[in-house]
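Shared between the two complexes below is chain A, which has chain B as its partner in the first and chain C in the second.
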Partner chain A sequence: MLLEIKELSVSFESIYGKSHVLDHVSINIKKGEIIGVVGESGSGKSVTALAIIRLLHKNASIDSGEILYENENLLTKDEKEIQAIRGKKIGMVFQEPMTALNPTMKIGKQLANVIRKHREVSKKEAHELAIETLKDVKIKDAEKVSEKYPFQLSGGMRQRVVIALAMAAPPDLLIADEPTTALDVTVQNEILKLMKSLSEKKGTSILFITHDLAVVGNFCDRVYVMYQGKIVESGKTADVLHKPEHPYTRALIESLPEGKNPDEPLKVIDGEPFVLNSRPTGCVFIARCPLKTEQCSNVPPVRWRGTDHWAACWEVEENAGNPLARKEI
Partner chain B sequence: MWPIIRNRLIMLVFVVFGVSFITFLMSNVIPGDPARMIVGPRGDQATYQRIREQLGLNDPLYVQYVDYMKGIFTGDLGTSIRTQQPVLDDLITYFPATLELVIYAFLFAIFFGVMIGVITAVKNNTKWDYIGRFFSITGVSLPVFLSGLIFIIIFYGKLGWFPGSGRIDLFMELPPRITGLYTVDSLLVGNFEAFKNSLWHLIMPSIILGYVQLSTIVRQVRSSMLDVLNQEYIRTAKANGLSEWFLIIRYALRNALIPVITVVGVSFGMLLGGAVVTEMIFNWPGMGKYVVESIGFLDFPAIMGFTLLISVGYVIINLIVDLLYIVLDPRVRE
Partner chain C sequence: MLEIHSLVKRFDDIEAVKNVSFQVKKGETYGLVGESGSGKSTIGNMIIGLLQPTSGDILMEGKHLWDKSSYKRMKNGEIQIVFQDPQSSLDPRMTIRSILLEPLRALPLKERREKGKKSNLGKLLRTVGMNESHLDRHPHEFSGGQRQRIAIARAIITDPVFIILDEPTSALDVSVQAQILNLLKKLQKERGLTYLFISHDMSVIQYMCDRVGVLYHGELVEENKTSKLFSSPQKDYTKKLLSSLPTLFEKEDQYA
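Up next, the complex of A and B:
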């Protein structure tokens, strides 16, 4: 296993009190795998990503859990050790390409700085490598682009540069937090293709975070569905998309525009997510669930539907029990 | 870049016209008769009239103004009533002393202002933050005459570390006059003794003068830096594995300084204006002393020349500020 997030709980301290944002989240990533994390905005995806590279906001606290990278707990590393891992072992791409680059530094220079951080090369070699890296992310005229400033590039180009920065080492794991959300659809697909080919070429695993279940389809090997800081379902992408078990996953899929009669109104999930400092004690989806029963006020069990596929829901029937993992999540 | 310079130069012409018009008017509105000052209270009427004639005081006002403006554009700012020297010559004699003091004060304020600003931002809400802010706030709270006297008493009187007055020791051979800045001229001719000596004289007055501007710069740099450190590109760069201080110096600082440039430019102008008191305390032979004495003498040509010089100085500072924006911010270059 490359990365194992085990029972991670994170909370934030604010003027409204403590809010529990991640609730015993567990995610596994094998070498070379592309893993999706899907959930509505506010469900805690970014917090998960930031926790891995230890860039959580100052008012965040990690209440429990471990994050094992090649069996070493990242949460107990000191600042110097974690710095040696950032970028070099674990790269990160953020959502907003417009603000992710230093506005007053040339693209080539920004890349060269990162390259020199990870490899013992001269300034000149770093600059040449920077241009190579730009070519890797399919930027034409890499030499010219390396002399440009971020504001001179389009959103799609900037996101390629951000990916180039994250892949400069190249790392073993790339965390991509909604890397295409801010881009228009054609550019989105190019970026996805690019990440997939980089992953194959360099053997980099990807933790792909998105609010858009439709994007996950032909991109991820496995997905985790997250709702309000809790993983509610997980499995192979095809299983989760075609045989969704958790009522929340089903609602997500029903709200997709794909393959629907354009005249038919899109389905939206009824109700509102709860306020974070009033977490329900039982199932997190209870307030919006069409299937809820009395037992839902207790923490739902993990119900296995196949060797890889499970949902945390009282209403799901277990059919292919996994004897190793009968624990609550 | 060229349009900016052109605009500033056009502005310069307007400023010269505006300022000279206002000072000219004021010199005629303020009661006081320069001719009387020259002949003295017991001077006879004939001499008095002759002097009025010489100074052009009997001409109609608009003739006086046209004469004055003609002078300005041919480099003739009139003759000082007090020193009987051309005002331009006086300015050339005294201004470099002030400029040198102001430049060193400015360097002091910038260097420590930026340094403390960065540290207080990076160490936000720790004891370093409080110490740095307290240190800089003291500068504006203490009036210059007080901090200047305290410095003189301690570092000159008690400890004898620094000289207490003047630009250079009396027995020191003066460097030849090239720029008029002793530290520069002495270096240009390789006279290191004179360089050391004049630098030594500069330390106390420039610290006193610069200390006042320190807190403005600290406050601006600190808030700008806090803002930049919260930007996404800083987080991206951290996620790319760059170390904290590399980020602060190479990524954050430059971006943080851009919005600070204007304030720093204004600071420099304030130093020029504020040098008067410091010069009086340290017996510094600069513009400040010259002007204060000229005012006492109702020496209008001198006062007008000084005002004009400072105004032109402000325009030039603004030009430099504009150019700095271009240097620091590639987005402005387009």
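Up next, the complex of A and C:
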């Protein structure tokens, strides 16, 4: 296992009191795997990403859990040790490429700086490697682009450069937080293709964070569905999308317009997410769930449906006939 | 109902909209789909009067909307618009009441009084799934979905016949998007509204629109009934757009 997040709980302190934003989150990633984390705003998906690379804001506290990277707990490392991992072992790509790039520095120089940080090479070699890296992300005229500033590039080109930066080391794990959300759909398609081929070529695992279930569809091997700080369902992508078990996952898929009859209203999830400081004690979806019963005020159990596929819900029946790989949670 | 003939908009040396012509029939939803910079919002802004066309004609029920540099409607408030981001399209310092009343300023006094009555405002808010207790609150007290409902209420208070919906759900979570799309369909049915639906999201367009026009670099490259456009796209760009669309359904080679 490359990365194992075990029962991670995170809360934020604010003037309104303590808000629990991650509630016993467990995620694992094997070498070379592409893992999706899907959730709506406030689900905790970005907090999970920031916790891994230890970039949580000062008012966040980690209440319990471990983040094991190659069996070493990242949470107990000091800043110096973390810096040796950030970028080199674990790369990051965020939504808005403009904020990830230095606006006053030429693309080639930014890349060369990163390369020199991770490898013992001369300035000249670093520059040559920078151009190679740009070619890796399918940038035509890499030499020319290396002489440009970020503002001279389109959004899609900038995101390619950011991916080039993140892949420069190359890392074992790439955390991509909504990397294509700000991009046009045709550009998104190319960026996803690029990420997939880089992952295959360099054996890099990807933790892909998104609000868009459809993007996960043909991109990720496995997926975790988050709702308000809790993982409610997980499994192979095809199982989760085509045989969803948790009422939230089902409702989310139902509410997408893709392939729906235009003459019928879309099914909606009633109600609104709860306010963070009034977290329910049992199931997080209780207030909006059409299937809720009395027992839902207790923390729901993990019910297995098949190899790797589970949902945290009282109403889901355990599929006893299946040889279940429970160790794999 | 709406006719657009050879519409052109030039910003300095960039032609953002190039010779675009299309018509929107009464009661239908016409979709304009395209990527950033395709000119879709520019067209919407010329129809609503925020931008002056460089050349070409926009006719609403046979009457020119633009007469040289002046924008005229047959009746004020007959065309309305809902923007993408309710965070920025609602003034944070105004109460919901004053946000709703603002479009009425353009109407004659009698109509303004009638439509601005508290009972009418309450009814209006209930129509969009909110209620009169919200009238004295401010936009920041509401979620994104609720704010978009307020923006829709503001658009329908003048009893418009034509509404431009410029990416009305692009800033919203998918579960909230479904609520807003349902609301828009319900209002259209109840009030016989005609929509121009601007979006970059093909699956939303497919669900919402009767006919679709595809914009690419300011040109309308293809137009058809929605079902036909999706089943047999003619132009390469439309095909590329459709094949790029991420899908819930299995498509093994999508990112290969």
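The criterion applied here is as follows: the second predicted complex is superposed on the first by the 312 of 329 C-alpha atoms of A that agree within 3 Å, B and C clash if a C-alpha of one lies under 4 Å from a C-alpha of the other, contacts with A are read in each partner's own complex, and residues count from 1 in each chain.
One rule holds in what follows: a residue touches a chain if its C-beta (ideal position, glycine included) is under 8 Å from a C-beta of that chain, and two chains touch if they have at least 3 such contacts.
Just so you know, these numbers come straight off a predicted model, no measurement behind them.
Participant: Quick check on the superposition: with chain A as the shared anchor, is it clash or fit for chain B versus chain C?
Facilitator: fit
Participant: For A:L55, using the defined touch cut-off, is the partner it touches chain B, chain C, both, or neither? Pick first, second, both or neither.
Facilitator: A:L55 sits against chain B, while chain C stays out of touch.
Participant: Looking at the overlay, what does A:M92 touch: chain B (first), chain C (second), both, or neither?
Facilitator: The first partner, chain B, only.
Participant: So in the superposed three-chain picture, is A:T104 touching just chain B, just chain C, both, or none of them (first/second/both/neither)?
Facilitator: A:T104 contacts chain B only, not chain C.
Participant: In the overlaid three-chain picture, which partner chain does A:A251 touch, first (chain B) or second (chain C), both, or neither?
Facilitator: Touch partner of A:A251: chain C, not chain B.
Participant: Quick check on the superposed pair: does A:L165 touch chain B, chain C, both, or neither? Answer first, second, both or neither.
Facilitator: A:L165 contacts chain B only, not chain C.
Participant: Which holds for A:R119: it touches chain B only (first), chain C only (second), both, or neither?
Facilitator: After superposition on chain A, A:R119 lies in contact with neither partner.
Participant: Is A:A84 contacted by the first partner chain B, the second partner chain C, both or neither?
Facilitator: After superposition on chain A, A:A84 lies in contact with chain B alone.
Participant: Once the shared chain is lined up, is A:K144 touching chain B (first), chain C (second), both, or neither of them?
Facilitator: So A:K144 meets neither chain B nor chain C here.
Participant: In degrees, to the nearest 10, note the angle that opens at the C-alpha centre of chain A toward the centres of chain B and chain C.
Facilitator: An angle of 80 degrees, rounded.
Participant: Give me, in Å and rounded to a whole number, the least C-alpha distance separating chain B from chain C in the superposition.
Facilitator: Shortest inter-chain C-alpha distance (chain B to chain C): 16 Å.
Participant: Spell out the residues on chain C that touch chain A in their complex, using ranges where they run on.
Facilitator: Chain C residues touching chain A: 35-36, 143, 145, 173-175, 177-179, 181-182, 185-186, 200-204, 206-208, 226, 240-241, 243-252, 254-256.
Participant: Under the stated contact criterion, what part of chain A meets chain C in this complex?
Facilitator: Of all residues in chain A, those touching chain C are 40-41, 155, 184-189, 192-193, 196, 211-215, 217-219, 238, 241-242, 251-253, 255-260, 262, 265-269, 272.
Participant: List the residues on chain A that touch chain B in their complex, please.
Facilitator: 53, 55, 79, 83-88, 91-92, 94, 96, 99-105, 110, 113-114, 117-118, 149, 151, 162, 165-166, 168-169
Participant: Note which residues of chain B are touching chain A in the complex, please.
Facilitator: Touching chain A: residues 231-233, 235-244, 246, 250-251, 254-255, 258, 328-331 of chain B.
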